[in-house]
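The data blocks that follow each hold one structure.
You will see two complexes here that share chain A, one where it goes with chain B and one where it goes with chain C.
Entry: the complex of A and B
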């Protein structure tokens, strides 16, 4: 039996007071952070509030921040959370309002699932089956990892976009939307992809920061789901957005020079077509780049950008060949789906 | 002399040229022999893979195959490059997938065999060069400076690709470097978060709120400057800092240093040679503080 110090971020809604409180707890080998919170509540301070239920990493109730990172407190052992002697800091989930102590208001998080309509829309004219809607194992295999979400909110809590934008759908709802886009029993694949690429706060607002992948206790890989949604949305023709233009502009620069073409990318992201047709908001967006460009000019960086560095000639030739080969191969195989398959295989298998 | 296959990345040869020049200056002092991969392609930075993940994997397999063929360790100087390289290396452990990808490398007479362990200069400084060697070259200890680390996402996440358990120094590599050089670390919430750069052209408001929030936090905790291993972060934190200040409605004046610039200063290299005069946020006050 050893003593462990816990520093808990508390909030009292009656006095609207936020404060930190320290507790020392006797811990056994294998004891979890949640066990320790229970020990505090039962033996030291009955007013400490937190959510919990199953204690087996299934219900998703007890996600909270442990040393700054969101995780299930029932799945986190004291020994893995702290070096011996260091205190463990426990706080409520981020990006949501605190109700009391470690309890947050999850309404905003759950509302995003409704917004993304994350329920099955069966094919029309099909009578509901007598038992469940069935699909083949092979059809389920590719997205099975995304079906394991327990709605604990750890990903939303650590999401860097949700931190600055209430309107972002967030990793969990987007991963759930992905799950239905992939589901052969669902009839709304196109509509979903269109909504997710055109909605403010949809797939193109993700920063690719990997916070959600790191936080998820169930290997849902939410960010990878968002990335695959992007690929599928482009493939389905939903390309009239900044994200797709940025991707296409970036990729065409690499095709030509083997390297990112910083000179051309802003114009391509705004959209050459939009600019030529006199689209006012496109011209405004272009103007937005001006102060930045002037600063780069002043710091003598623009000259370097204007030189448009590239791969050497031999390299460019090979790079262009690869682009052409992949383009041709795409007509015969869904190579991008295979790329995601390899990613899930190694990402989840490697754990 | 230690020799590396060196991938500079696009931004170090474009909008952040001071990263490239300071890397070469520091490498010379440290006796590192850098063989630049001039025929290699951009990593795709996660942007090519938005629509063409397979293509991005082929391009990165090719770069790693080049390093493998030269029998040299691969060195990146960009958090994004090293993260994307490592993610590709992870996927290419899948043998069937690697065989498929290698079909595109065969016409060039190369093959990726799956042995490359891409590393950032920052890691190489701690893992290969070592504290003793760095210490022996410090002529201008940075004792006066309070420095905030700013990592850039891909050098800290996802942890499964970064081998933190086998290489524990990678977990807090920036703090270690800062302290080896005699400076004091300012720790703050934003130091491992996103700078916002990837969505700058998609959602400027969100992007610059992120940059501004982290800058303001570090500045208010007394940081004299931030140091970053990622030139993309540098673009949002330095070149966009005046706009970020407007978005969050605060005064910001926080110089942002690249890792080799910081090391170079401590080793007595001239600020001009390290490109410190080519920043958007003026570095003079910082340089005066250490008498450089």
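Entry: the complex of A and C
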């Protein structure tokens, strides 16, 4: 048995006071952070509040920050959370309002699932089969990892976009939307892709920081799901949006010049066609860039960006080849998948 | 006062399935009230599967499933209920599948099925080893889709029943600390089980038998409370569940000699005998000194015969649980396991439509407007021992039936009205704890209670230990009167809820022990050292326990007959139970 110091970020809603409090806990080998919080609550200070229920990483109640990173306290061993002798800091989840101590108001996080309508929409006017829908093992295996979400909020808590944008649907709701886009039983694939592309706070707002994948205690891989959604949305033709234009401007610039054309990117993202036809909201969007541009001007960075040259001929050729190779590989992958699907349909008698 | 036509308490599979069914009638105002957000409900912890005779892997039928269930329950199963469970199983699975449930698939794209203990056919439909989570998630999604009102993080304090008519309940908003009366024409309890009273348990902290105690306090007798299932494969120490799916996939259980001892107890089924039989066998091996680890309080489960690829694909949770919570990698080494309190066979007595009934009285009169389903209820579909994968099925099948049962009657029920005076008990209870000043601590009494029940009312029981156990429970009840809490605030006061829950645990623990002491036989989950065989002449009957009235010093026990009248086939006659 060893003693471990815990520093807990507390909040008292009656006095509206935030403070840190230190507790020493006797820990056994294998003891978790949740066990330790319970030891504090039951033996030292019953006023300490936190959520918990299953204590084996399936109910999703006890996600909180341990040494600054969101994780399930029940799944986190004291030994792995701290170097011997160092205190362990425990605080509430981020990006949400604190209700009391380690309890946050999860409404904003959970409301995103409702907003993204993450439930199965059956095919209208079509009765389901008498038994089950048939679904290939390969199809199930492709998306089932995204269905393992326990809605603990760890990803949302550590999300760098949710930190600055109240509107962001967030990694969990987007991963769940992905799961339904991929599920052959769902009838709203197109509508979902359109919504996720065009909605404020949809798939194009992710900055690919990877924090959600790191925080997730399950195998959901939210960011990978978001990236796959982007590809599917473009392939489905939902390209008339800021995100896709940004993406296309980015890649076409690199393809042509061998490096990013940062001067053109804002114009391409807003849409050259929209600007030329006098689209008012497009011009407003351009105006949104002004404060940033002024800051860049002041710091003389804008000049440096404008003076940048493209890559030399050899470099451009090399980049061309990379593009071609990626595209060929992707084409083969799609052909294989289609052939497999046809084979499966034949095997099960075209159910 | 808040008001709904239908109020469902508990948001696990039973509660949510019932709410969905009721929401089919757009003229009805239905709400769910739950102390944890629906997605946190303990149904989500179920791992291995949900049974139904789909016959996707091998020939199967509902009759066979029914027979397995009746025999698995050591014949204390009400056969009308077992028939409903098994006949309606497949359509319920297909319905979940049509809602989008993430079931694993077989090579033909159908719902995959695997073997499970006590089932003669592979009939466990599964979503890897997170089946409860998959079903819970899909039901919540559909609830969102319907826009059903949810009182999330509200704690039900008191069920109001007057002249055998349910009026609604009194509940506590955990966020604000407000106490509110909620009247409803129909109330359904899907409040889950009561395994938390045992030291070693798979149950969530939330599984404190709140619903059964509220019913008991409202004058309704509790049925078969002495039947608590010990699951054979809990992680040593914590009791965290390792799915029976591990054995379904081919894991071995061995003692300190490396011997697969089930050979001596159930040679026909080995590790896939029903849970009561495997748990008793493990406990016998441990008590005979053939346990493993330094403590010799466990045996080994060895997953390696399954093969690494299949473990990774079909049992990812088992793999992670052993690594994260025991520090053992099942790919390299066997995992120490022990019997762990898992499932509550007993509960609130009700019929196959979820209608709560006083079964020991002539004609089994109903409690008007009060329904129950799932683990909180006792239909009794599991009898003395539940088969693995039958609990998820029960929650869904009987949740749906309770929903339909409510739809059948609710339009004829009168609106109810809870008076200020009806709230007095609940308000008084909260007030008492907030003001209490005494030397006793909730955590201390609770720890002692859990030790006592585990050690003296566990896998094996006998007269002397049960008497000691009962005495200790009463002592804890008495000490509980002098308990004080630290938190006197009104916002998210979990200290207060801990105290209220301990009160529930102390109350139902007395019922468990009293029923166990009286039942002088061994049947299913109730194994007496001093009465080692089943005694059908005297004990082929359900226990019903009434709360003591003034002057009585313990629960009053009565008994009722086991139902032997299934509708579509002959009943299965009593037989010796061997595997």
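Simple rule for what comes next: the second predicted complex is superposed on the first by the 277 of 351 C-alpha atoms of A that agree within 3 Å, B and C clash if a C-alpha of one lies under 4 Å from a C-alpha of the other, contacts with A are read in each partner's own complex, and residues count from 1 in each chain.
As a convention for this text, a contact is a pair of C-beta atoms (placed from the backbone, for glycine too) under 8 Å apart; a residue touches a chain by one contact, two chains touch by 3 or more.
Just so you know, these numbers come straight off a predicted model, no measurement behind them.
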Which partner does A:230 reach: the first (chain B), the second (chain C), both, or neither?
first
With both complexes overlaid on chain A, does A:291 touch chain B (first), chain C (second), both or neither?
first
Looking at the overlay, does A:75 come into contact with chain B only (first), chain C only (second), both, or neither?
second
First (chain B), second (chain C), both or neither touched by A:183
second
Contact-wise, after the overlay, does A:7 reach chain B, chain C, both or neither (first, second, both, neither)?
neither
Chain B versus chain C as contact partner of A:264, first or second or both or neither:
neither
In the superposed arrangement, which partner chain does A:275 touch: chain B (first), chain C (second), both, or neither?
neither
Taking the contacts chain A makes with chain B in one complex and with chain C in the other, which residues are shared?
347, 351
Residue set of chain B touching chain A in the complex reads 10-11, 13-17, 38-42, 44-59, 62, 87, 90-94, 97, 100, 104, 107-108, 153-154, 157-160, 189, 193-194, 196, 198-199, 201-204, 206-207, 209-210, 213, 239-240, 242-243, 278-280
Mind listing the chain C positions that touch chain A in their complex?
36-37, 39-42, 44-45, 54, 90, 93-94, 97-100, 102-111, 127-128, 130, 132-134, 137-138, 141-142, 144-145, 175, 204-206, 237-238, 240-241, 316-317, 320-321, 324-327, 441-443, 485-487, 489-495, 498
For the chain A and chain B complex, residues of the former touching the latter:
68, 160-161, 163-165, 204-211, 213-214, 227, 230-231, 234-235, 242-244, 246-248, 250-251, 254, 258-260, 262, 265-266, 269-270, 288, 291-292, 295-296, 298-301, 304-305, 308-309, 311-312, 314-315, 318-319, 321-323, 325-326, 330, 335-336, 338-343, 345-347, 350-351
Show which residues of chain A lie in contact with chain C when the two form their complex.
12-14, 30, 32, 41-43, 45-47, 49-61, 75, 77, 99-101, 103, 106, 110, 113-114, 117-120, 122, 128, 130-137, 140, 144, 147-151, 179-180, 183, 185-186, 219, 344, 347-348, 351
